[in-house]
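Next up, some structures in structure tokens.
Both complexes shown next keep subunit A, but they swap its partner, so subunit B is in the first and subunit C is in the second.
For the complex of A and B:
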């Protein structure tokens, strides 16, 4: 379904969505983040990409699996805690971040269906905003099968046409949301469709960075497992959690029990994000660590995204959002690493 | 002014003569104006060295890294490492010496003077330039920076874009070095704790509100710990299992490992992390500001360490990183130390 929505009607539409919990990018101190908003006026769609991808809403950093404890007669009680049922809308999602969700879907819903992730995913509508200008100097979505107006993972994609939005619904969930604002939306005219196509084409040209011949990288990586390349490239790496925690596609986790009270005995089994750059990520209880140094950890990050995932799912596990580049404290730049891999040897 | 050519000449010379194993310095990054840490062992690559107001990183962290590598190496090459140090970085070297983490001849220090200015705060720079993309930034005479953007060059007063720590800096000239570049210029710092005083001045209620909001944002990526040259412990309280688990660690020992901090990134656990870290850095933090710079969520954690620094100065007349032979703050006492807090 394709529609036009005047920007001045936008708040009226959002008002109609009062049955939903609504997230939007908001500016807190100096950084942008997705937060629950209370009035339509709080929605900010003129924003660079948020520091943390909307992954943090669908796959939160801490997820409670179950609650345990001893009752008065000393029996052990275990109760499953599923995510609260509600309808959620996230506004202002960038195409790379929506595509990232489709990749995580593969991991969490193929052989083993993850009920927690699945539930949140299903009850959340993703409303995107095409990037008329790449929000980060490190955007490179077009190199990895994406684009600033890619539709993957969206229920609705908005494109800013100045005083109007071009609204494209891509799923039934999207149609329902538009129907709630009946009367506010009109059909696009031929010239508006032309305008849309031009904006989309121009946006692609504005991307400053790219990885050429990206398809040469997965086979190349396969030969580079033992290469000294990883030692050289990782010399300055600090083994922090920035590149992975901020990455919209990274999804590794750890499960632990947290006791909140000893008498009466009570606690939670939780899942929290984990990541391959931390030294204890692969530590065995024997004391052996198969990834003992930062070279093997950087290798893991790149291999997972550009080799293992490609082999397993036929997609790059990187959508080119540029976050790991912009936020790495020492300037380790995945574009540069990939270009070097392609030309290595 | 620091002449890059002189720096390169010395670097080439010490590499060629085999005096150092390699040199840790700054090089141009792949994209943008921010330099990256570089490790040079081939004299040919000295060409890549750079020095400009965006050389923010405290490279001494990589000396700690090297020490850890050497410990595991069966045939260690114990030649010194050449390293470029600003004033603040040189104070970190002094702390590492004081704590006997390194020996003086583990390092060959190429000091650089910040003279009248210091290094930039990327966020302030972005604000001042209202989103124009910076291509290059250089030192200029008279406390100015020359900033080249995509649309041209302009001179801006350094004070507009200097990192907070540089405004409050006590060592704009290296305090320990083997060779030094640039002039020693005395700089008056009237209010060395001005930034943290803005927080101290708040009411207790507002202060709690401030920290609650700030620490609630923390995602525990531990970049603040990872970047810190003083955070060198083999076993850190935040790691669930750590290096201290060796093949011969017994099951009992493992079972007795205390979990100090839960993995949940919630306010209470985040506070445990940050307060523990602040306490562990009392009398050790040299205010390089790296922990705050690297935080992806812009959490002003430098305040915590600055407060420790202020208290150490006011209560114990202790200053960090100027004298490698002074007894450390937390492992020594003087008769005149205040004791009115002991009840």
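For the complex of A and C:
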């Protein structure tokens, strides 16, 4: 379904969505983050990409799986704690971050289904904003099967046409949301469709960075497992892990128990984000560590995204959002690493 | 299936605990019965996540045969948080079990073949379920041979069962260093393999134990003429979810918890050596 929505009508549409919990990019301490908004006026759709991808809403950094405890008669009780049932809308999602959700979907519902992730995913509508200009100087989505107006993972994609949005609904959930704003939306005219096409085409040209011939990288990586390349590239890494915490496609987690009271015995089993750049990630209790150094961990990060994931799911596990580049304190730049890999040897 | 919570363990009662090995790294064998479910069924070599609520979860090989329906058995070495807590448990204590997890030994394909089990230390646990299964279906298989060793005789697990086993199949034991009263082989498990010279003809070798032992056992078997696809082993990596989601246990594109832990050497040698 394609529609036009006047920007001045946008708040009126959001008002109609009062049955939903609404997230949008919000400016906080000079950075942008996805937060729950209270009034339509809080929604800001003129923003660079948020520091944290909206993955935190679908796959929160800390999530309770189970509650356990002992009752008065000392019987052990274990209860599952499922995510709260509610309808959620996220506004202002960038195409790279929406596509990232389609990639984590592959992992969380390969054949064994993670109901926590699955439930949130199902009850959350993703409303995107096409990038008319790249929101980060390190954007390179067009190198990895993406684009500044890619529709993957969206229920609705908005494109800014100045005083109007071009609104494209891509799912039934999207149609339902538009129907709630009946009367506010009109059909696009032929010239508006042309304008859309031009904006989209121009946007692609504005990306400053790229990885050429990316398809050469997976087979190349296959030959580079033992290469000294990884020692050189990882030399300056501080193993802070910010590259993976902020990555919209990184999904690795830890499961641990938190005891909140000893008598009476009570606690939670929780999932928390974890990080392949930490030495403990793979260290066995015996002390043996299959990935004992920074080189093997950087290699894992790159190979997971550009070889293993491709072999398993036929997609790159990187959407080119550029966060790991912008935020790495020592300037390790995945685009440079990938370009070097392609040309290595 | 879709509505099943894959992270929710089933509660089970410990019905029996047996000391296997004492010392700095003690091993105990636990038998547990699920409180509600009666139709738990696993295949040889599969594992389960065992929970001690308040401590966490750990992955263990199910060492009982799939033919045994009354209990699930685990042999557990005391290492850290979860395993220490299990070692301090008593009969009737409640644990959680998630599983069965992972793949299994392709025992159906092995019908009519000679099976040679080669284990070191706690590595007998994953071997035990397939060994017991093969014994239970003895007519389907050729000769059954066990080559098993540990540092000292005190470090051998299933000592009583091993004596019983001698009545039904060939058992070759070893200890690493000379000790008083020891009448069998002295030396490392791979050396015992070379010494006993099992023939590769129509045979399958199944080896589990410390990585270094596995490496040399595979070499020894290769020298005896075993082909890579006649050798099977299990891989251990640190695990959390056990179902291929948490991203922790991978070697290359494989998640050991889901695609493994059982691999033929032909398969494993194609993967990066990150285990």
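Keep this in mind: the second predicted complex is superposed on the first by the 345 of 345 C-alpha atoms of A that agree within 3 Å, B and C clash if a C-alpha of one lies under 4 Å from a C-alpha of the other, contacts with A are read in each partner's own complex, and residues count from 1 in each chain.
Here is the rule we go by: contacts are C-beta pairs under 8 Å (C-beta built on N, C-alpha and C of every residue); 3 or more make two chains touch, one makes a residue touch a chain.
Everything quoted here is computed from the prediction, not taken from an experiment.
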Which of subunit B and subunit C A:112 touches, first, second, both or neither: second
Does the superposition put A:201 against subunit B (first), subunit C (second), both, or neither? neither
Touching A:336 in the superposition: subunit B (first), subunit C (second), both, neither? first
Would you sort A:270 into first (subunit B), second (subunit C), both or neither based on which partner it touches? first
Using the touch definition from the top, say if A:80 reaches subunit B (first), subunit C (second), both or neither. second
Would you sort A:36 into first (subunit B), second (subunit C), both or neither based on which partner it touches? neither
Pick one for A:285: touches subunit B only (first), subunit C only (second), both, or neither. both
If we overlay the two complexes on their shared chain A, which of subunit B and subunit C does A:137 touch? Say first, second, both or neither. first
Can A:240 be said to touch subunit B (first), subunit C (second), both, or neither? first
Subunit A contact set shared between subunit B and subunit C covers 254, 256, 283, 285-286, 288
Mind listing the subunit C positions that touch subunit A in their complex? 1-9, 11, 51, 53-57, 79-80, 83, 94, 96, 211, 236-238, 240-241, 243-248, 250-253, 258, 272, 274-275
Which residues, counting only subunit A, touch subunit B once they are in their complex? 28-31, 51-52, 61-62, 137-138, 209, 235-236, 238-242, 245-246, 254, 256, 258, 270, 272, 278-280, 283, 285-288, 325, 327, 329-333, 335-336
Residue numbers on subunit A that touch subunit C, as the complex places them: 65-66, 68, 76, 78, 80, 82, 107-108, 110, 112-116, 225, 251-257, 259, 265, 267, 269, 271, 274, 276, 281-286, 288, 290-291, 296, 300, 303-304, 307-309, 311-312
Applying the document's contact rule, which stretches of subunit B touch subunit A when the two form their complex? 29-32, 34-39, 57, 61-62, 123, 133, 217, 219-223, 225-227, 239-243, 245-249, 254, 262-266, 290, 293-294, 296-298
